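The next part holds the structures, each set out as structure tokens.
Across the two complexes that follow, chain A remains constant while its partner is chain B and subsequently chain C.
== the complex of A and B ==
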């Protein structure tokens, strides 16, 4: 099963989005694991994931996150409005797109 | 204006990617649980079961004093030991961020170096005695709590960098060869010489400094680095400027956590620590500005005290999308999480809403500073989790002073008034 990792400063606001994404995934019967994590934990725990989506508030860290994951998996910044309005549909679609 | 924002963005990228600042931040993140349990226990010990407090009517004071031992032992292992925990965590995260394959080695090394640099003779006051005496063979909490924070950071960063640099040198690796040797054994031999050289170097440098300056390295760092830096960041102007900058960054979509926090947090945790220890010892509280002070009065509902913006929207907004976002943002907002309102409304790059967003926290914090200073409410002495809802947070953080909660309500009310005119302009603009 593929694993989507959402990262933000404290892993709080991403965890709200993760809840919504899980619901959408369930409705569409897409089999994925979705998790939220603070950026401070990333260097220890990124290995098991297949794609990393980062909250726009830490979008400026994209390059350093790419470095952390050694460019082995795709890293993308979530669109600001999709993030703020918690458009789980779109964010999930983005993640699945990136895994492919 | 755009140029300025771009520059700020670039600067954030640099600071956010800077490996030492990043490691420092990661280290503090792993220490937060220890600080929070200390805060809870101090609240429990000196507010809830305080032997002269309300519980003494139910339980004998002597029994309460006895019970306090549990909390005291926890404070000793967390707050009073924070500098050593910090040294280890800092070294570990730096090694991890540098992708060093054996992070336990620099972690242990940093702790060892920290102790190597400690003075031999400690001045202590024996229990029951009036005069202090000098003793050897003791480590005092004074050097391992807030007093040693910067020593811990500096020891960890320097020793880890030096050690990892030595470790890269192939000549210093002991080749015990053979494919039958387990990798763990090879690893332990690889770090043997670098660890020895690092320890020796730091011991000699520490000795030399003692000879040259007639003072130990800890006091030197405390006097020349920690005190001036703490003084600067926790002076009202210094603190307010950093808060303005912090919220300005957020207003252009950059979370200040990765940028300003590595500079502010070590200092704010130091003053927080000093306050918690002073409070638990019944001594005068040394600092007004500290970590929980910032969260309690400057992050109500999230950065920019946006709980007030949500209230303003519910009261006055006619736009459906604004009200929808406000509804979505209420539950997280109660716990001071406000990304939905920042990015959803949005506040980011909205030149109208940015103004009150940037100003709200500095205004409330300045007011809180003076109200505390003239003694109308107790200083913040307890580290509460930053997700503690406003009003409750004021009560807890001040060690149970209800006036802090009242003050928070007043400030939220005033902040609503600050947001209203800008909200109306933003709505008009959106209609056009």
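== the complex of A and C ==
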């Protein structure tokens, strides 16, 4: 099963978004695991995931996160508007698009 | 989704984007004199995102001042935390960009 990782400062706002994404995935019967994580834990746990989405508040860390994951999996910043409206549909679609 | 959560997320995504741009401005500034304009533009845009976040927050405070008690949640506190952090980072980033510009000038002498 594919794993999507959402990363932000404390893993707080992303965990709310993750809950909503899980619901959307369930409704659409898409089989994925989705997890939220603070950026500080990333270096230990990224190996098991297939894509990393980062909150707009740490958008400046995109390059350093890419380095952390040795460019092995896609890393993308979540669109600010989608994040602000917690548009779980769109964020999930972005993640699935990146995995392909 | 309930209203307060949405407001909190609106604040987080606006001020968070602002903070991120502030840091990017400093990184650009370090890249040298020819990137200074870009850095300044980033700070300008960051300021307008910060303002947006502030607006949402101010509305909440005004509502409460009117006597409509607002529900306090952890996510709202988190949004306020992000708001404060962004405000500090952006004011400092502005000053630091001035400093960086002087450094760039000195390097080019």
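Just so we're on the same page, the second predicted complex is superposed on the first by the 100 of 100 C-alpha atoms of A that agree within 3 Å, B and C clash if a C-alpha of one lies under 4 Å from a C-alpha of the other, contacts with A are read in each partner's own complex, and residues count from 1 in each chain.
Operating definition for what follows: contacts are C-beta pairs under 8 Å (C-beta built on N, C-alpha and C of every residue); 3 or more make two chains touch, one makes a residue touch a chain.
Being a predicted model, the structure only gives us computed values, none of them experimental.
A.B. asks: Should the superposition on chain A be reported as showing a clash between chain B and chain C, or a fit?
C.D. replies: clash
A.B. asks: Looking at the overlay, what does A:86 touch: chain B (first), chain C (second), both, or neither?
C.D. replies: both
A.B. asks: Is it chain B or chain C that touches the larger share of residues in chain A?
C.D. replies: Partner touching more chain A residues in the overlay: B.
A.B. asks: May I ask you to decide whether A:64 touches chain B, chain C, both, or neither, giving the answer as first, second, both or neither?
C.D. replies: first
A.B. asks: If we overlay the two complexes on their shared chain A, which of chain B and chain C does A:55 touch? Say first, second, both or neither.
C.D. replies: A:55 sits against chain B and chain C alike.
A.B. asks: Based on the superposed arrangement, let me know which partner A:44 touches: chain B (first), chain C (second), both, or neither?
C.D. replies: A:44 contacts chain B only, not chain C.
A.B. asks: Where on chain A do the contacts from chain B and from chain C line up?
C.D. replies: Chain A residues touching both partners: 8-10, 12-13, 16, 55-60, 80-81, 83-86.
A.B. asks: Mind pulling up the chain A residues that touch chain B in the complex?
C.D. replies: It is residues 8-10, 12-13, 16, 38-41, 43-44, 55-61, 63-64, 67-68, 80-81, 83-86 of chain A that touch chain B.
A.B. asks: Can you name the residues of chain B that touch chain A in the complex?
C.D. replies: Answer in residue numbers: 9, 12-13, 16-17, 22, 25-26, 29-30, 93, 96-97, 250, 253-255, 257-259, 325, 328, 332, 335, 337, 339-346, 348, 387.
A.B. asks: Which positions of chain A touch chain C when the two form their complex?
C.D. replies: Going by the criterion above, the answer is residues 8-10, 12-13, 16, 20, 55-60, 80-81, 83-86.
A.B. asks: For the complex, give me every residue of chain C touching chain A.
C.D. replies: 1, 5-6, 8-10, 12-17, 19-21, 23-24, 27, 49, 74-75, 78, 82
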